[in-house]
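Which chain is which? They are A, B, C and D, in the order written, and residues in each are numbered from 1.
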Amino acid sequence: MITVAILGATGYTALEAIKILLRHPQAKVVAVTSRQEGRPPIASVHPSLVGRLDLPLEDLTPEEVGTRADCVFGCLPHCASAEILPRVLAAGARVVDFSADYRLDDADTYREWYGHEHPDPGRLGATVYGLPELFRRQLADATLVANPGCYATSAILPLAPLLRSGLCELDDIIVDSKSGVSGAGRQPKLTTHFPECNESMSAYNVGRHRHTPEIEQVIARHAQVRPHLIFTPQLAPMDRGILSTIYVKPKRPIGEADVMQVLREAYAGERFVRVVDHLPGTKDTVDSNFCDITARVVRGRVLLISCLDNLVKGAAGAAVQNLNVMFGLPETAGLL
Amino acid sequence: MITVAILGATGYTALEAIKILLRHPQAKVVAVTSRQEGRPPIASVHPSLVGRLDLPLEDLTPEEVGTRADCVFGCLPHCASAEILPRVLAAGARVVDFSADYRLDDADTYREWYGHEHPDPGRLGATVYGLPELFRRQLADATLVANPGCYATSAILPLAPLLRSGLCELDDIIVDSKSGVSGAGRQPKLTTHFPECNESMSAYNVGRHRHTPEIEQVIARHAQVRPHLIFTPQLAPMDRGILSTIYVKPKRPIGEADVMQVLREAYAGERFVRVVDHLPGTKDTVDSNFCDITARVVRGRVLLISCLDNLVKGAAGAAVQNLNVMFGLPETAGLL
Amino acid sequence: MITVAILGATGYTALEAIKILLRHPQAKVVAVTSRQEGRPPIASVHPSLVGRLDLPLEDLTPEEVGTRADCVFGCLPHCASAEILPRVLAAGARVVDFSADYRLDDADTYREWYGHEHPDPGRLGATVYGLPELFRRQLADATLVANPGCYATSAILPLAPLLRSGLCELDDIIVDSKSGVSGAGRQPKLTTHFPECNESMSAYNVGRHRHTPEIEQVIARHAQVRPHLIFTPQLAPMDRGILSTIYVKPKRPIGEADVMQVLREAYAGERFVRVVDHLPGTKDTVDSNFCDITARVVRGRVLLISCLDNLVKGAAGAAVQNLNVMFGLPETAGLL
Amino acid sequence: MITVAILGATGYTALEAIKILLRHPQAKVVAVTSRQEGRPPIASVHPSLVGRLDLPLEDLTPEEVGTRADCVFGCLPHCASAEILPRVLAAGARVVDFSADYRLDDADTYREWYGHEHPDPGRLGATVYGLPELFRRQLADATLVANPGCYATSAILPLAPLLRSGLCELDDIIVDSKSGVSGAGRQPKLTTHFPECNESMSAYNVGRHRHTPEIEQVIARHAQVRPHLIFTPQLAPMDRGILSTIYVKPKRPIGEADVMQVLREAYAGERFVRVVDHLPGTKDTVDSNFCDITARVVRGRVLLISCLDNLVKGAAGAAVQNLNVMFGLPETAGLL
């Protein structure tokens, strides 16, 4: 039984990870942390866990966390994450970091997009990006895994095979994404206050969302081609789900069947990527670790459409999938 | 043209009042206040007002507010309201207070339910309750009007005629209400954070919601009978609307037609109370100043069902209706 | 491995049952039926099942269904169900009937509330009601189980212990319930058309919802006391979840702690009923087989508040729980 | 007082038109039609109209409709519309057609996109397109006006000035739109059944939505340049609102301020187009006749973002605005 500790367990991705691990036959949550005093039960913060997980929220040191569990899920904010995780790793645990801190290749890009110095720059570029569909081999031995951003996964999975194929331009790519509100986290803010965002759609962080360089660098790392893309995140009035509509320019005229073929071949053996003929809705993937992808060719341009649950395949489900690969468990354990 | 100032203009009820007054042929918003510095345009806080209301948010003294306008809509939190409004009144303006401060009959009840001393107890019990359907005559001369609570209106309108009729028991009344989230105000909180309250229903403040004594005292004042009720507020995943399902025990067996007759007679000449045969939904009344009411008799008990928009008939629409009566304008002006 | 066939697999409760059984270690879906021609894959109707359940929708006879599987989940409309299930039983399968056909005690009550003759009256009153918390012992040997109505479970679980205790009146009970829209099924209708029911709350079938006699008879069967209740179903703008607020009159003054004690004792060993101190929201139970219950005493009356997911504990989860008891599997298998 | 008849008054756009006209000081609904027998009151179909519009739904001939009112709002399905409206026109009324029948330039395009012969091809190309911001002058004398499609307005308003300016390419335009569900009409369908589309986002009619040629032809007519675009409609879980995110390629590098300047100049005197600096949300425009537009330049490409209410500026509000221009009334009458 692999033991798991959750560092920063009061948010939505942590809750989702706990729920998945409660169904996992070979992994088990043994500690959950938070800065709150008095060791309140985790269920006092997440009432859905009453009677399901009987652990206190503990204010543990990184060293304590690192010795308590085989694997630590880091659910801390970026920057805080890279300050603490090195100490967790030093204590002997393997780590899946849900934050963005280890996703990028270099400290300069990090500084440019995240606005401060990286606390642990030495691991940048050397950390495995936790998308098993692209980096499964490297995961097996990884001690630290950068769990992907939710938007990033929704863009990388459809884009990577197509760009790797050489059939499309690299510098004329538009990723238009729509996300449920849970992606914004659990901290109350005016923009995510129910009467503000309910019954409304709006774009935010246009041209400056931090998943932009993540998508570009990861595709470059995987496919040896470096795309350049425009990414537009948009908030949709729903709890979960990301729909990404991606516009790519083929180098030469290409048929829908050809694009579908590229996708199908890329994901032929993959359990959690479903290349489908119909136009998927985010609800098809909600509460599951699946990413559904399809393609259309419209007036000469390739459209890739992907759906996933931002809290599962976009966060906690991916983390468990990574854990499974890291520890030699069946990749689907706990996830079907 | 009646001039109106809005005191505390950044919340939802203030915004709704502004929108209604923008369509009002004989009233006009001339000042909007907030503690924010720098006189930002109101539209910077309420983007739906861009190009519709070109006023700055000003940090005015109560005296300034009271001299700027014929009528002041007080949209301040309770307690703060009763500290400031006496000065506004002293400056010569007539006031509609959206807060709860002047709704109750006495300082003791206020202290019991609101948890602190009333800042202006002398006006308690002497202030007109702004429900024109019950207190129209008193409104005409009022300088200060207590605008009703949203739940209170949804309960009082169906209950008052029936209790006044003497047909029903006064101490066996259950008001089970469901409200949209805008009723909780614009301040972000965890309970009104989208991923928390979306797709969920829950009860809150069971047995201790402050509209309980308001409903009881107002019915007593109007109908000379003092009911005693159980009130259960519940949060529904929608922006606006209150559905109140009210259970009353008749003294003697009574038919549905009789109850409907009582309601129809009570509201025969009323423009904004619609006694309907069908079961109304809150959406029938959203964005309108209507309150829809129907009745059923089930196994000997009377069910009253009412619907209204908490921001309109439950707040800003009622305020404008009050203003119309206070200033001798057509009661429906701006409201149809 | 227990084999399960789903009779009428195109609706929401069938889909939910399939998803639960996909995670069940000792049960397996082996056939899914529908009247559609051409044996389309089940995933063509439920796209969330792509790559998860590779079965065709077959138009099987009751006899074929009854020989294909150890257990048949009947997801047919009422009346149709009792016409077909006797043939399924005759073919040797054990059956969990999701319809209302076998829930009532007698053919007269069925005729009164469902409006036609019962096709198989002999089994009425003799069929086990599938609420393991009340009828676990009878389930072990049952060949036919009447799976409870979703509203009924949300009312019976909190009411049964309290009424059995003799502390409360039997004829002054109000059940005010709010349900998500999936409870209305998958057949498109105007009342469940998105722009009609979204952002709205409304009551329906007031005084004549068919779960009324079900609740009364089941409590009578279990607790040897026959309550008489008013039940008000209401539609809330959400996918799933039922919140029931229940008002009961104690015979003598009673404290909150006493009521909670009755509930805690009744469900002390139960895995899926959580007696909680806080006011639960439906979201605490969504996608789970839990029913959360709490109690308050307000002005001398007992309030019971219960939450559950109408598709899980209110339908498919209960069915799997029943299957587990019927076949001697761990009661929580597939459900945690 | 201009009299208006609504032809086909049971849908959402008709209801919205009625609500707007109820507030219009110089126009009045005098007849509403439907094929239903028995002249039921309009409020029996639209309960929000109880006590507000006391008209029966009448099954009138086109000639009767055309003589009853100065202006007829045609809210019929496409094809049916062009079969009936010529007779309405012949009877002497002026017409605003909400259907798509008179929006296109020619019968060939109509046949290609709508799948059948146009019943009245002679008026194609000669009918004024009812977007006052572009075609105000022609509207004054029009007897027949083609009211724009909701998506079309959300795309044409931001695109037209920019394409007319000559600053951008005409053949590299992507319109990625997200619409509330009311845009799909009032006929219940599985795709708009609440539990299907709630909490989900999905694309539909990719590459073949009929507003594509409408947008292209109208821009060509207005700006003398013919764009070629990719249009992706997507369904968002909300009642109303369209967010269109539009990607345009400038011929030469261009700054954000330049694009904003083009938009501001184009709409300087327009009351219902708001060029705003912030990123608008659809909620800013809901229940109003405004279209909010902003622009960003991201990695060399121009992003235009527009928001409107599909039932108001996208349908009924536009129709009233057209009526105002046609009949020489103040253009904002009833609309602010």
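In the analysis below, contacts are C-beta pairs under 8 Å (C-beta built on N, C-alpha and C of every residue); 3 or more make two chains touch, one makes a residue touch a chain.
Just so you know, these numbers come straight off a predicted model, no measurement behind them.
Most remote from subunit A, judged by the distance between CA-atom centroids, is B. Just to note, of A-D and B-D, the chains joined by more C-beta pairs in contact are A-D.
Distance between subunit A and subunit D, defined via averaged C-alpha coordinates, is recorded as 39 Å.
Subunit A and subunit B have centres, each the mean of its CA atoms, that are 46 Å apart.
Centre-to-centre separation between subunit B and subunit D, using Cα means, comes to 36 Å. Under the contact definition stated at the top, the residues of subunit C that touch 2 or more other chains are 180, 196-199, 237-239, 280-281, 283, 286.
Every residue of subunit C that touches subunit B in the complex is listed here, in rising order: 174, 176, 178, 180, 196-204, 206-207, 228-230, 232, 234, 236-241, 243, 245, 247, 279-283, 286, 296-299, 301, 303, 305, 307.
Residues of subunit D that touch subunit C in their complex: 12, 180-182, 186, 188-190, 192-199, 237-239.
Residue ranges on subunit A touching subunit C, taken from their complex, read 22-23, 47-48, 50-52, 199, 271, 274, 276, 278, 280-281, 283-288, 290, 292, 336.
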